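You will see subunit A twice below: alongside subunit B first, and alongside subunit C after that.
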Partner chain A sequence: MKRRGEASGPVALLWLGPALILIAGVVVYPAVELVKASLSRYSITGLRKGDAGLENFRGVLANESLGTVLTNTLVWVVAVVVLTILISLGVAQFLTKDFWGRRVVRWAVIVPWAASLVITARLFSLIYSYYYGTLNALLLKLHVISTPIDFLGDDRWIMPSMVAVGVFVSIPFTAYVFVAGLHAIPSDVYEAARIDGASPWKVWRLITLPLLRPAVLVATVLNMIYVFNSFPIIYTLNESNPGFGHDTTITFMYKLAFKSAEKDVGQSAAAGLFNVLLILVAVVVYLRVSRWREEEQS
Partner chain B sequence: MRTTTSGHTAALRWGVLALGAGLGLAACSGGTGAGSAGGGGNSGKKATTIKLVAAEYSKDHTKAFWDKFATDYKAKTGNTLEVQIVSWDDIDQQSSTMVQNNNPPDILNLNAYASYAKDGLLYSADDVLSSSVKSDLLDAFVKSGTYNGKMYGMPDLSSARAMFYNKALFKKAGIAAPPKTWAEFEQDATKVAGLGDGSIGYGLPLGPEESQGEFSIWMFNNGGDWKKDGKWTINSPENVETLTFLKSLATKKLTQNNPGKTNRQDAFDLFASGKVGMVVGFSPLAATLDGAKKVDYGVAPMPTKADGGEPQTFGVTDYLMAFKKTGNQDAVKAFYDLYYQKDQVNTFIKAEGFLPVTKSGIEQFKSDTKLATYLETLPNAHLTPTDDPTWDKVKLAVQQNLGTAVTGDPKAVLDKLQKSAEAGS
Partner chain C sequence: MNGTLSWRRIRPAAMPVIGLAVALAFLWPYLVMLLDAFRPSGDVVTTPASILPREWKWTTFSEVVGDERFRAWLLTSVVVAVASTVIVVLVAVPAAYFTARFRFRGRIAFLFLVLITQMFSPTSLVVGIYREFFSLNLVNTYLALILTNAAFNLAFAVWILHGFFASIPKEVEEAAELDGCGPVTRLRRIMLPLTLPGLVTATIFTFIAAWNEYVVALTLMLDDSKKPLTVGINSYVTGYEQNWDQLFGASIIAIVPVVILFAIIEKHLVGGLTAGSVK
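And then the complex of A and B:
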């Protein structure tokens, strides 16, 4: 029952070959190594000392900072993704309007995306600096505050400061996904709405938003993954803070291997597996919930 | 229709899963940059290429020195030396990954060695150090490089700390001489802080970069230590008193903002900006200050807790350790022979602005009056217990926890560290 044009097994394999090799090398091999590492006992030097069974997983779960780290991760991902989506919706609307200099603005929006995250994070650690930071200088000049704020040292400010940078670097990609989504909406539905006398707010809520839904869905899922896995921003901005007080699960994993008193590659690998599971569950749950709503609406 | 839709969704989901997994994994598999070192391989065969992984002390000098050294090494022995320079931020990760992949370098430059010796990975000095070289090393560093009766950690350079003070601020505050006791120190810090205009009495770095160093020099000047007679004494009454004193400086606003979250480099930068009265520094800071010519500073021995006490200095040395690999012993020995020649080791140390590790080096550096304060104290310098593998973990625990004492309870922090040290040994 072979359909016409369908390639035979070996030929198909030939076409798929490069992709499969890439997946095997970039995804499968590291995954196997990660699982192996998580089941091994390592010396502080990195020397493998034998099998550990599930000891590493128990170690991670017993870590007294785990609760803090998970809470931080949740706050970080939810805050950055929600703010990014909301702001990007506005930015995308703006970028689709026709105005003088739009090309320049579009380029400007894309810059934070093109810059390396480490450089951006470093730049922000200078902007936020207590003694030399431009942000404090500005706020003091404008008399918004009377004493400088320790953005990266004051426990109340560290997370909001990091979230702001996270949003800043996530907007370009998200906004461009929305720009593409807006362009895909046919103009005749807007015309029809205008003829029917719908207010701009109504048009946006009842036409733009529902038709933009696939774009929002994709942007949310990809942002969740990017933001969850974001390392440089948190690691760099959080550099001078001792302990795990402001780490997410990703920087927690890194510190377990190289910076904390555990200094244990095995535990770090176990934490890495937990991380993969965590983000997969989060994404699947999100997709479930959003599809369930779709069915309810129809 | 139905099947195609769900097929698409399934594909999307698998795509997302794969992407998530890939990103997650990429995050932890970074930095396996180690190429295969030519040393290992066929048994019985002598290695003609060895690999050095060295820490980057400075952008300008480290790579230049080792590249030149590799040329000299080639000329002298006919062997090739591959040089890989790694920043201090990454070297722990890189070295750990190399060992994990069973692909260590032949020579590794790091600030710790005992854990590697404990794991049986290293040559001892008996195997690779000529006796003339070993007898030239300063006793304090031979001692700190010796684990379980054998020397494994060959010192590459050293540093010693002293109190840097801003002469202009001292003059303005009416302070005639640098403080000799903690009481005087606190008075002077209060006076400087009282000058206003953003003046800071003392730059106190208890952030994770190197809080063990800052705490060390203060505890040594209060008769405390990390270990005494083979037992951990992290929460000894002297040490609790020392940390409480440091915390009180912060509480009384004599330090910069948030000292528990200030790294050493940040404190140095503040001192270099001319705002800070005093900071514990070392010779590389002096080089920076001399280069910038902005701050008129003096260097004095540390104040002691006791009246008329003998000032103690905190010494640090880093190590060049040699990994046991088949056939590389002779090439490694030739490496050390060349490195410890006066014109090599001392050239490196001078360029980087550090202090010598050999007796002949001290003779050679003596003519430099700027280094006099350090050189006198160097042979008696107090070091951290780098000869104990447990210290390698304790050090990390200290870095990640000490700063919390500034807002928390110093005794509780030290009790916890003591407990983890005892559990680790």
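And then the complex of A and C:
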């Protein structure tokens, strides 16, 4: 007789089958197609012209914009994720306090998450506008600046402007993960600390933060994946600039296939594979580093 | 000590004021958007910018709702988001339950596969997705979008539900098992009601992700009447016509259902993330 809690292969297939079919059909199969495409040559209209060997990968690596694009990606992901986590910790802390009207504030915080990224991006491209942007109008009126800033055209301002929007739309989800994490901390832990006379800052640093660690880990990994793969913000806010000067690897890949003069499907597929590898490595490295720290502490 | 005392006295009044400031910090761009929906399109792009409309226009929303294209895009968004969410729940629940309760060969491999899927975004695979649906002759169909959204949101749902099912003690099910209930009955009658918050969490995440998906829809839905809202409304402002008022009016209409849905289930959501992440 079989031990309880054990299941045979066919039974397992019955329960997992639908999930496996969906993953195989819509994630694995396109991934295989992507690999095939990366090894092929294509005409400008997307017709396969034959094998390309590793030519496409060499083409991507030889692209003169690659260095810039990789730097942009690194700055974009690190800046958005770090700022998002830090600000969300504060927001979540506030949202778990008891006060009149808290429910309404929580709904308000949700809105940037509920709004489509494309809509928010278009909205910000208007708010940032050099000529008729609300932001410039406001800053001029407050005499913070004397001439308008070209937020989306000036090389020094584009990345910070995009990062600000990236952080803005990432906070709601992240803050909610932290709110959930804070609710899970039993209140008697705090009472003990208060009796011991610990200062609020000390309580937060020595009790709240360590107990929030799983939530921070989850939020960081998910944000890394989402921010790395984020497309609409960079694509929309960067629309008026030619070339790849302010693109990340994701928009770079998309433009190679659909927007560049060459419309090179093969190279775009190769770039797509590099993207998948990049995020895999980044997440694994992050998890390694954070686990390593945990072992060191204990 | 003095400071604490006075803070205690002003706290009931101060906290809602800070709350209002926090709310405004997240709402202000959308308030700008609302004001932009209530002015003629030309007023949005006039120098110098004015915060309040120079001329009010009240017909934007009726124009948008009366627009046949808008109604077609809305239909696509609703059909795609609802269908993808239903599929995700129907597929993720058995997979999560089974992996949480039973040991079998390939269990770790399956969970690992799910984890890897989470790292793939439709964006990085968009070329492959396009080629697949093109060869299946499914470009411009709801089905292509539904399947894509379902597949790419499955990982998160399985992951969070797995945490839930695993957190419920086995003993809860054992009595029912002795009474002769099979796993399907136990899942339906006992486990699902207990994991309702997890179900709600998975549902809202999938719904929002599907509702706001952009890149795959942009690539696959070339027929204007088949586009979802995210892609369709961009044709209100193009190089040829500029109807900022309508773009923003339509955007507001697209946000409202999600916020309402959120408001209704917010309490469950917080509980949902907790149990799922902490176990």
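Everything below uses one rule, namely that the second predicted complex is superposed on the first by the 294 of 298 C-alpha atoms of A that agree within 3 Å, B and C clash if a C-alpha of one lies under 4 Å from a C-alpha of the other, contacts with A are read in each partner's own complex, and residues count from 1 in each chain.
What we mean here is this: contacts are C-beta pairs under 8 Å (C-beta built on N, C-alpha and C of every residue); 3 or more make two chains touch, one makes a residue touch a chain.
Since we're looking at a predicted model, the values are computed, not measured.
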Contact-wise, after the overlay, does A:263 reach subunit B, subunit C, both or neither (first, second, both, neither)?
first
Does subunit B (first) or subunit C (second) touch A:239, or do both, or does neither?
first
Could you tell me if A:47 is touching subunit B, subunit C, both of them or neither one (first, second, both, neither)?
first
A:113 in the overlay: touching subunit B, subunit C, both, or neither? Say first, second, both or neither.
second
Check the residue A:197 against both partner chains and state whether it touches subunit B (first), subunit C (second), both, or neither.
neither
Once chain A of both complexes is superposed, is A:124 in touch with subunit B (first), subunit C (second), both, or neither?
second
Looking only at contacts as defined up top, I'd like to know whether subunit B or subunit C touches more of subunit A.
C
Does subunit B (first) or subunit C (second) touch A:186, or do both, or does neither?
neither
According to the stated criteria, A:136 is in contact with first (subunit B), second (subunit C), both, or neither; which is it?
second
With the two structures laid over each other on chain A, which partner does A:31 touch: subunit B (first), subunit C (second), both, or neither?
both
Residue by residue on subunit A, keep only those touching subunit B in one complex and subunit C in the other, then list them.
23, 26-27, 30-31, 33-34, 37, 131, 225, 229, 231, 250, 253-254, 257-258, 265, 268-269, 272, 275-276, 279-280, 283
Subunit C-facing residues of subunit A, complex
5-9, 11-12, 15-16, 18-20, 22-23, 25-27, 29-34, 37, 91, 94, 97, 99-120, 122-124, 126-127, 129, 131-134, 136-138, 140, 168, 171-172, 176-177, 179-181, 183-184, 214-215, 218, 225, 229, 231-232, 250, 253-254, 257-258, 265, 268-269, 272, 275-276, 279-280, 283
Residue numbers of subunit B touching subunit A in their complex, please.
9, 13, 16-29, 92-93, 95-100, 115-116, 118-119, 121, 206-209, 211, 256-258, 260-263, 266, 270, 273, 275, 389, 392-394, 396-397, 399-404, 420
Considering the complex alone, what residue numbers of subunit C touch subunit A?
11-12, 15-16, 18-20, 22-24, 26-27, 29-30, 32-33, 36, 44-51, 87, 90-92, 94-95, 97-99, 101-107, 110, 113-114, 116-121, 123-129, 131-132, 147-148, 150-152, 154, 158, 208, 211-212, 214-215, 219, 229-231, 233-234, 237, 244, 247-248, 251, 254-255, 258-259, 262-263, 266, 269-274, 277-278
In their shared complex, at which residues does subunit A touch subunit B?
23, 26-27, 30-31, 33-34, 37, 42-48, 130-131, 148, 150, 152-154, 221, 225-226, 229, 231, 239-244, 250, 253-255, 257-263, 265, 268-269, 272, 275-276, 279-280, 283-284, 287, 291
